[in-house]
Amino acid sequence: MEAQTIIAKRIARELRPGMLVNLGIGIPTLVANYVPDGLNVYFQSENGLIGTGPIPEEGMMHPTLTDAGGRPVSALPGACTFDSAMSFGLIRGGHVDMTVLGGLQVDAKGLLANWMIPGKMVPGMGGAMDLVTGAKRVIIAMQHTAKGKPKILEKCSLPLTSVRPVDLIVTEMAVISFPEGRATLLETAPGVSVQQVIDATEARLAIPGTIPDMCL
Amino acid sequence: MKTISVKEAAALIPDGASLMIGGFMGVGTPERLIDEIVRQGRRDLTVIANDTAAPGRGIGKLVTAGLVRKTIASHIGLNPETQQQMLAGKMEVDLVPQGTLIERIRAGGFGLGGILTPTGVGTVVEEGKRRIDVDGKTYLIEIALRADFALVNAFLADYRGNLYYALTARNFNPVIAMAADTVIVTADNVVPVGVIAPDHVVTPAALIDYLVTNA
Amino acid sequence: MEAQTIIAKRIARELRPGMLVNLGIGIPTLVANYVPDGLNVYFQSENGLIGTGPIPEEGMMHPTLTDAGGRPVSALPGACTFDSAMSFGLIRGGHVDMTVLGGLQVDAKGLLANWMIPGKMVPGMGGAMDLVTGAKRVIIAMQHTAKGKPKILEKCSLPLTSVRPVDLIVTEMAVISFPEGRATLLETAPGVSVQQVIDATEARLAIPGTIPDMCL
Amino acid sequence: MKTISVKEAAALIPDGASLMIGGFMGVGTPERLIDEIVRQGRRDLTVIANDTAAPGRGIGKLVTAGLVRKTIASHIGLNPETQQQMLAGKMEVDLVPQGTLIERIRAGGFGLGGILTPTGVGTVVEEGKRRIDVDGKTYLIEIALRADFALVNAFLADYRGNLYYALTARNFNPVIAMAADTVIVTADNVVPVGVIAPDHVVTPAALIDYLVTNA
C-alpha cells in the first residue's frame, strides 16, 4: 500500500458519527475517500462550505462552488455555505471536532511547524494557525521522514504554528500521540518494527508494553 | 447608491489607495473591475484580501501588472509572482492568520477596536502585539482593519443594491462591504427590488455606494 | 399643533435620500409618518430589520415580523433581515446615518442621559448606548421640559448614555445644536420667543444673531 | 444531533444551569420549551438573553414562575416583574448594552476572548472593566460570554438540524447556537434535508445537539 493510502485509511478510522471535520490540502484531503459506509460526517471547507462532495462531472461544475484551493467541488444534500467570519468562528470556537493537517515538523511535546521555511517557502499560514489553536482534535497526516531525515524532532527548528500541541500523528510507519505531553508510540504500520520507528524518529518516544499493528 | 460604469468605477480609485477585495482564490472576486483597474493602471495599491489568487486570475492580475505595493493576506502560496515580488523587496507582504484577518476586517466594519484571539500566541505572529489574559487564558489583541475601498462581487444585486452571494463565492465579500469608506459592487445578475427575499439579503443596500452596471 | 407632531415633523426634515435611519421608541417613532414624498430612506429596527413598513392590516400580521417593542410591523419591498450581531454592527460601525432617540436630560455640551433614573426606573439601556456611540448623527426628540422643569441642563444629574455628544435636540419649542461643544439655539417653534426658550432651558445657550422659525 | 421530546429536553436542564435563550421581546423564543421548563420547575437559573419579554410571554414566564436567580440582558423595561424582583433583591440583574451583549456572546461562540468596544466608555458600564487605547481612541475590553445551554427557536429545521430563521425571529438565535455547551432547538417546521438551500442555512446542523420533536 502507498504511504499516502496507509495514512489516509488509518485517519479515516478516527471519524465518528456527526463529527464536523476540516481536512487540509495534500494527504489530509484523501481521508474523505475512506469514510466508512453509512457514517455521517460533515466536511468543512474553510472557504465557506459544510457538506463538500466529490468533484462534479464534466459540465456540472459551477464557478461559485469550490474548495479552499479554488478547485470545483460538489455539495451534498444538507450542505450549507457561509462567510469567512462564520467559517473561522466554527474553527476557532471549537466547533470543528477534528482537523487533519500536513506537517513539516512536530516536536516531542506535539508542537507543530507547518506553515513556512524562512527564506525558502513563505506561503502564509492560511487557516492553519486557527485550526491548530481552535479545533477540538488535531491530527497530523505526514510522511514519517523527508529525504530520509526525521520530521518528528526533539524540538522544531521551523516557526511554530501554535503553542497548542497536536493530538495525534499518523505516518506510513506509525501512530503517535502525546499523553502527558510526551510523544508516545501507539501503533506501527503492518510490517514495520518498533525499532524502525525509533530509528526514523529524532524525538525520544515513550514505548508502552504493547504496540498493536495499525488497523487499516 | 449610484449606478456607474466599470470605467467610472475604476477611475474612482486613486494611486496609493487601500483596497479590500472579495474572493477566495479568485472565487467571488469582482473580475471585471480588476480587469479595468489593470487597463487603466494604478500605482502603489495596498490590497487586503484572503489571498492573491494565481497569475491571470482575480487579484493575481493586479500583482502581475505590478500595481501592488503592499499586501495584507493569509495565503500567497498559490501565486509565485507574489512570493517573487516579496522576496525581491518590490512588495511588502503582511501575512495574517485567516481567522484573525477576517475578524480584524469585521471589527473595522462593526465599530470594534479589535478582538482578543488565542491564534498566534507564542508564534512569530505575536511580535509587536499586546497580550492580555482573560480568565487565565492568554490572547493577542488584534486591531481593527479598514480600507479606502471595498471591491465586492455578488451573485445577485437588486436595483437598490441589496446583495445575495452564491455558495463559496460569499467568503470575504459581505465582511469587507462593512469595512471600507467606499463600497463598489459588481454583480453577476442585477434583478428587480423584491426578487431577493428579505431573509436572503446578506448585505443591505444601505451599505453600497456604487453598483457597476452590466452594460 | 401638538408638541409631538412639531418635533416629529421638524426631525423629518433632516432626512436625506438613501439614509439608514434608526428611530427609538416614543416620539422618535412618529418621524416615520412625515417622510417627504418620494424620498427613499431605510428605517432600521434594531431587532433585525431594514425596511420597516406600517402596521399591517388585520389578519396580515405574522408573529415573526415585529418592531423592537415586539409589535407587528410590515416590511417594504427591498427589506432585509439579519441577526442582532449584524444589527449592532450597522449601528456601532457608523453605518446608521441618523438615529432619533428620546432623552431624559441633555447637558450644555450635548451629553445625553436617557436610560435610567437610579432607584426609580431601571429598564436597561437596550440599544441606546450603542446608537449614541456609533450612529453618524444623533438627534434627540423630546419635550423641552418635564413637569415644568428644564431637561436641557448645565450638567446631567442622571447616568450618561455615552460620552459622545448628540448632534441636535428638537423640542416643541426649539432646535438646538452643539457647534464647538456649546449648546446653541438654531431655531424656535412658530410663536415661541427666544426668551421663552432661554427661560425653559437651564443650560446657558449661545444665541446667534438670527434665529429663524422652525420649518415644519 | 438527536431528536428528543420536549419533556426530555427540559429534563436535560439541571437546577442552577445557565441558559442563553433566543428571542427579542418573545419573538423567536422557544416557547414550548419554556412552558415545559415552567411545568417541570427549576431553581436558580441564570438567563442570558436580550430581554425578559413581558409577563406571560417567552422568558417572562420563567420570571413569573420565580425560576430565575440571575439575568444578563440589555433591557427589562417591558417586564415589571423582572424590575420588581430585581429591586426586591430576589433576582440579580446585569444590564449590558445590546451591542455589547451580542458581541460578548458571539465572542464566546467564535473562540475569541472578547472584543474592544467604544460603547460604555465614560459611563457606569465601564466600572470594573479594563480600558485600552488603539490608535488614539479608547475602548472597553468586554469579555466573552458562554452558557451551559442554548435554547434556540428556528422557523425551519431539516432532519439533520440545519436551521433557517424567519424575519425578525432570527435576532439572538444563530449567535447563541454557537456559544453554549449544549444546543437545544425547537422549530416551527421540520422539513426534509435539502429543503433549505445551502445559502439559506444560517445555523449548520453540526452545531445542534438536540432537536425537539413536534409530537
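When the chains are written out, they are named A, B, C and D in that same order, and each has its own residue count from 1.
Following the convention adopted for this analysis, a residue touches a chain if its C-beta (ideal position, glycine included) is under 8 Å from a C-beta of that chain, and two chains touch if they have at least 3 such contacts.
All values derive from a computational prediction rather than experimental measurement.
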Checklist line | Where subunit A and subunit B overlap in contact partners, by chain label | finding: D
Note to self: Per the definition at the top, count C-beta pairs in contact and tell me whether C-D or A-D has more.
What the structure shows: C-D
Item checked: Chain centre separation (subunit C, subunit D; CA means) in Å -> 29
Check: From the C-alpha centre of subunit A to that of subunit C, how far is it in Å?
Finding: 55
Next item on the list: Could you please state the distance in Å, as a whole number, between where the Cα atoms of subunit A are centred and where those of subunit D are centred?
Entry: 34
Next item on the list: Please report how many Å separate the Cα centroid of subunit B from that of subunit D, as a whole number.
Entry: 32
Next item on the list: Mark out which residues of subunit C touch at least two other chains, giving numbers and ranges.
Entry: 49, 75, 81-82, 85, 88, 91-92, 133-134
Next item on the list: Give the residues of subunit B that touch two or more other chains, as numbers and ranges in rising order.
Entry: 103, 106, 110-112, 117-118, 165-167, 170, 198-199
Margin query: For this structure, enumerate the chain pairs that meet the touch criterion.
Written below: A-B, A-D, B-C, B-D, C-D
Next item on the list: Show which residues of subunit A lie in contact with subunit D when the two form their complex.
Entry: 18-20, 40, 42, 49-51, 75, 77-82, 85, 88-95, 133-134
Check: Taking the complex as given, what residues does subunit D use to touch subunit C?
Finding: 24-28, 50-51, 53-54, 57, 73-78, 83, 86-87, 93, 95, 97-100, 102-103, 106, 117-125, 155, 165-175, 202
Next item on the list: Using the touch rule from the top, collect the residues of subunit D that touch subunit A in their complex.
Entry: 1, 106, 109-112, 158, 160, 162, 178, 193-194, 196, 198-199, 201, 204-207
Notebook entry, point to check: Once bound in the complex, which stretches of subunit D touch subunit B?
Noted result: 103, 107, 110-118, 130, 132, 134-135, 137, 139, 141, 143-144, 164-167, 170, 198-200
Check: Which residues of subunit A touch subunit B in the complex?
Finding: 45-49, 62-66, 68-70, 75, 81-85, 87-88, 91-92, 121-130, 133-134, 159-163
